[in-house]
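Which chain is which? They are A, B, C, D and E, in the order written, and residues in each are numbered from 1.
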Amino acid sequence: MSSPALKVKGLHSGYGDIRVLRGVDIELPPGAVVALIGANGAGKTTLLRTISGLVPASAGSVEIGGTPITALPSHRVVEAGFVQSPEGKQLFSGMSVMENLMVGAHGRRAHARRHETLEEVFDLFPILKERRSQIASTLSGGQQQMVAVGRALMALPRVLALDEPSLGLAPIMVDRLFESIARIKARDLSILIIEQNVFQVLEMADYGYVLENGQISLSGTGPDLLADAHLRATYLGL
Amino acid sequence: MNAPLLSVEAISKRFGGLQAVKDLSFRLEEGEILGLLGPNGAGKTTAFNMIAGFFRPDEGRVLLAGRNVAGLKPWDICKAGIGRTFQLSKPFGDLSVVENLMVGGFARSSDRRRIRTLAEEIAVFLGLEAKAETEAHNLTAFDRRKLELGRALSTEPRLLLMDEVVAGATPSEAVEMVALVRRVRERGVSVLIVEHVMKVIMALSDRVLVMDRGALIADGRPQEVVTSPDVLKAYFGERYVVPRA
Amino acid sequence: MSVTPHPHPVPLTRTTSPMGFSRGGIALAVLSGAAALLPLVTADSFLIHSAIMVLFFAYMATSWNFLCGYVGQLSLGHAMFSGVGGYVSVLLSTTYGVSPWIGMLVGGVVAAALSVLIGYPTFRLKGPYFALTTIAFAEIVRIWVENTDSFLGFRIKGAEGLVVPGVGGDSFWAFQFSGKTAYYYIILAMLALAILATMVMERSKLGYCLKAIRGDRDAAEALGISPTRYTQAAFAISAFMTALGGSFYAQFFRYINPERNMGLELSIDMALMSIIGGQGTPFGPLVGALLLMPLGEISRGYLGGQFLGLHLVIYGVVLMITVLYFPKGLIAPITALANRLFGRGGRP
Amino acid sequence: QAPAATSAPATISIGCVLPLSGGSASVGNQIKAGTQIAVDQINREGGIKSMGGAKLAVLFGDSQSKADIGVTETERLITRENVAALCGAFNSAVTFPATEVAERYKTPWVVLGAVKDEITERNFKYVFRINNKANYDAREQVDAIDLLAQESGKKPKTIALIYEGSDWGRSHAANIKKFAAERGYAVVLDEAAPPNQVDFSNQLLKVRASRPDVLIVAFYTPDHLILSRQLMDQRLDIPFGVHSVGGGTEDPAFYKAIAPRAVDYYFVQEDFQIDIVEATKDPAILDADKRSKEMLGYGLTAYSAQGLATIYVIRDALERAGSADREKLRDALAATDIAAGPALAAGYQRIKFDAQGQNTFAHGVISENLGGKRRTVWPKDNRLPDTKPVWPVPEWSKRPNS
Amino acid sequence: MDPLILSFAVVNGLLQGGIYGGIALGLSLIFGVLRVVNFAHGSFLMLSLYLSFWCWSLLGMDPYLSALVTVPAMFALGYLVQRVIISPLIVRERALVVEPLSALLLTCGIFLVVDNLALMAFGPDVRSVQLSYYMPSVMLGPIPVDTPRLIAAASSIGVAVAVSMWLRYSHLGRAIRATAQNRDAAAMSGIDVPQVYAVTFGLGCAILGLFGALIAPFIPVNPQIGVAFGIKSFIVVVLGGMGSLPGSIIGGLVIGVFEAVASQFVTATSAAIFSLGLFILVLLVRPAGIMGRA
């Protein structure tokens, strides 16, 4: 059997003397969509930043497709195939849409194939093709989110992580975004998705993890989780 | 009847082309806990910041016990009797818990002894007495949130504005926080609370406001509001409505 | 964990407050007591002279620290206040025969007034912008003095500098003493008072407000603190203290000129000693001066002839090491050690 | 060097406070070399004979051009090193307070280089100055103009002044203005510039606009280099030449760094007769010139010569005092009257102090740069027979393009 | 005031201002990308002047040709300084332990070390390159304009344009701009941020290397020369807007012309006071500088 697309074991990290992750274990099978949910401040973003090498891990390991990437610098993590669309979009706000996408294709492998990938991204988000020379900061929130996802796709990821892609989006935009994600899923790609929109995301995910207090407290398939009483009580206020 | 403690009258705020808050009006009575809900980007924090004096409203008035405080500087608003907490908690990391609490006390008085006594009392109130001398940056995330609340209390406000106080808390911590906010009210402080966690809002609020795209779309008792179709649609998304229905 | 309500506030074990204060106070008392013995145990005039230099720079750094260390802004223009203090006291005494003791206070007040003029527009600037603006203000004052021969009837004498005419022999009123011991005790007292002032300030409303502003400006504002007002107050006090130091320098060396007493180099020295020693702490600047002054003296005395500028290279290296490895200054490991040796006392 | 700890002839220490680092480090190091050469020469010839061949040693203190540090170093040299006498400290701002320390400790101090008038106007008993006071420099420049005018019958009328805006330049300019007024020259431009200029175009534009007959300048080396180059590049003609007072133009590094044609016909006032090596037969001076070339890469300069002379003046006093006792040494210094020997390396005819310790025979020497060599033109006594001053100076367009 | 003289003052000001601007380019670039205020900027200029001088005096290289040495050498030096000294601080700052002023203090340490090592190594004497050929001044009406200054001023505009174009259109340039705008997002896009930082620091120093060679024919070098240019560069960059390359040139021209014209009316010392006053005024009215984004 092939090794998991992403495997996180016993990961610890934090900021200065603030400890945020206290032993996180996650596995992403190839081609799967996995949801990660948890309260605000639970450490979801921190997990992604730690995997990306932006926050140093104090213990634990991360593997991509069987290759260990713990403690690699960020750009090597991207080369290894883990790419995220960060929380709050984090566009290069003074640069055009096209430039934002091109920065995404910075790595050697991605750079070589950038023209093909660009066509695919434009297929996925036709509006971006129209607005290719618009300055990113003047786009609407939904469009900005598309740029962020598109930029991540430009790096030819094996594992695509989306951190709260629906944040700040009108529900109708959220629906569209989730449609797009469904289409991305059709490509040979694993997706790790963090969402507040728990219902929607668990419906589309193959599997879900709940992060609480820096540890995984619960995991299971979407429907299982949705049926879980604890989860319903904590996150849905039901 | 005399004037409500807080009366917000048609405040608006634009950021460039974006109308973040539009004609928002509501009242808050003395002793009330009022919840403010709304999807991300609805304008809650912006409204909150206008009341707390961090933004000057483009239009409208904010009356605290009948006195317009809109456009006052944050420190003057604090002295007028409005305390606030921040969405991202911002304790003074180099100072100990008690010292953090004392900073707030200086807003009202220069009497060190009195302030220290008050700070210690609040540390006990928060359940942080064992950590009173701990430097704030060594606190856990949740303790920092409590400290954030206590620091606002130490300015002896009449109204406390709280932005997402339980974000990041575990369920049991949330329970503790809910109890704490109730006891804040028992101290005679009215509360305006912005919160995403429904359970907290439902448990705490006497009344709930719901904002969407800068405007108020609902105002009422918690149970009534969450079952209103408008709110369900705006806040929880259409798919959420289906399983509930 | 559930919440246990406390009907009556439980008194807490105090450690930092009165205890900590007295600990700092004890340290200050012990240190100044020990320092006061120096002239009694040695007649070595060079040693006392060097000690005066250390105390003087420690005093200047402490004055700088009063504002910059506690607000977290880097002023590189403080020498301007030193110059103002020196010039005002000397000019008053040479022109009107006013005692330098009074001139010193007048100089302090003038410096404080100048600080208000400068601080008001400047405090909104952050980081490097603030630092550069303070340099610009100080340079304006320096260049102006260097090129002004007389002003309001005072003979400023431009770049030439001012000489304090000797009265011959001891005169307390004229702030002139034939030996060094008197100067030693004066600067020691000034330093002890400055450190005491810093400790008192730390625990006063002003101190809390400054630390709050440094910690988080927005949060401080929400707690009723107007940043400009408190920063300005600290700036004025710091300028006042610096000016007293400038007056002392003038009386001790009986000569001042704009280049040395208002120049950028003095400002940088004040800042570096504080930062290396530990800004934002009462004793940090003293530690900085105690380390850097003898370092300079030794490398000058023994190596200066051979290697030009070696002591400044050492300064630079010490500064880099401090920034990289002791971001809180050298006082941090020292207090940690002191706590390990004498500490624990009172901590639950 | 460290004094050798031999038993018989004692070693007499002389302290020397100099700016060895910081802005005036170059000057400090030239003086230092001069004093070392003198000490070596004296020791080689058997030390202080009246004291049984006692050897001399110079101990240096680096003032960094700062008053407080200079004072500290003075304290150290007097109380720690127990020096018999002191010299230094080039910068007036350092010398002024440091000599006060020496006076308090009753330790003789021979002033080296510092020109501030008041240094020898305080009724001090232990302070002596061989070289000029500041106002002599200015007077000599005007004297030289007068002399050349009188010799040629061509008298300039207007003077432009540009100078560095700190102590030295400003006080020199003030003195020039005083003498110019007395002697009937009109000052048409009086312009101070902050030190460390990187461009003099603006000042030169003003000079050009004011059309002076004479340009008097006072700048340190880096500024002077830029100024001189731009004067040449912009072909600014000054009929009666550029008259510089020491500073950059007495620094050999200046001449190494500039094309010779840029400084042709420059008049330079300095406390040193630049062609002394040709004028004198004193073997000590000739030897010193040779040693200086080995140590510094160039022959004697105003500064190394003054360093040399100072040590010889102190030696003379030691010989007469027969003791390193400070009091006796002071009395011997006060009775100094030297009319020959390397103590006159700077070009004086005699050294004799007045009651204030000022050498009443001090004078500077003014040279003109002729055919790539600087030749003494003033005072007439110091002018070599083959020197023919060029006055007025040729226009740029008439000079050969090297 | 004679209008002819005044117009020459403006020309002089533009020349000098262009040179100021060119020298300040590296400072602005480094700040724009790394947010590091390089206090040692002037020291690096001093080093490149020395390099150019040694190339001329030891190898007999023409100072303009010595750019072939100074540019790569200064690039390497900048690259190393960033990698070895500054990057540990940036790594730590990300973890929010240090206040941002530490970078300024750190480079202040570099300044002390470099300037005084230069004093120890090269001695205090002033040295200067002399061109072996005669470069006639360009005549502007009756008044000559120094050709080497003209070359340096023109080059600074050329360099500003070239570097801006390179940043705009090249692959690496785009990566540098992206890193400047959002360090984390750049890292998440596969950009090797430490490498970009080191290259940028190197580039900033390489520009200084170029200007070292360009001004060597008319600026003598001694260990203290850096301070004069360093302070001037700060003023220029803050005036123009920190991080903006065109701003750096414009800031230089503004200061240059202002000083030149002002010093025709008052003495140079008063002009210095006025230009510091202008600096303060601009900062107070427009804290982000003339070309900076507020």
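By our rule, a contact is a pair of C-beta atoms (placed from the backbone, for glycine too) under 8 Å apart; a residue touches a chain by one contact, two chains touch by 3 or more.
The UniProt protein names, listed by chain, are A, B = ABC transporter related; C, E = Inner-membrane translocator.
If you're wondering where the values come from, they're calculated on a predicted model, not measured in any experiment.
Any chain touching chain C that also touches chain E appears here: D.
Shared contact partners of chain A and chain E, listed by label: none present.
Taking the CA centroid of chain E as reference, the farthest chain centroid is that of B. Interface comparison, C-D versus B-C: the pair with the greater number of contacting C-beta pairs is B-C. Per-chain CA centroids place chain A at a distance of 31 Å from chain B. Separating the centre of chain A from that of chain D, both taken as means of CA atoms, is a distance of 76 Å. Centre-to-centre separation between chain A and chain C, using Cα means, comes to 52 Å. Residue positions of chain A with contacts to 2 or more other chains are 16. Residue numbers of chain D whose C-beta contacts span two or more other chains: 21, 25, 29, 165, 192, 194.
Under the contact definition stated at the top, the residues of chain E that touch 2 or more other chains are 97, 116, 119, 123-124, 267, 269, 272. Within the complex, the chain C residues that touch chain B are 1-6, 9-13, 15-17, 203-205, 208-209, 211-212, 214-216, 218-226, 280, 347-348. Taken in their complex, chain D has these residues touching chain C: 20-22, 25, 29, 32, 60-62, 64, 66-69, 71-73, 75-76, 78-80, 93, 96-97, 100, 104, 116, 118, 165-167, 170-171, 192, 194.
Residue ranges on chain A touching chain E, taken from their complex, read 15-16, 49, 52-54, 56, 73-75, 78-79, 83-84, 86, 90-95, 99, 102-104, 106-107, 110-111, 151-152, 155. Chain contact summary for the complex, chain B toward chain C: residues 52, 54, 73-75, 78-79, 83-84, 86, 90-96, 98-99, 102-104, 106-108, 110, 112, 116-117, 120-121, 123-125, 127, 129, 132-133, 151-152, 154-155, 172, 176, 179-180, 183.
Only residues 72, 74, 121-122, 124-125, 127-129, 131-133, 135-137, 139-140, 143-144, 146-147, 268, 272, 275, 307-310, 312-313, 315-320, 323-324, 327 of chain C touch chain E when the two sit together in their complex.
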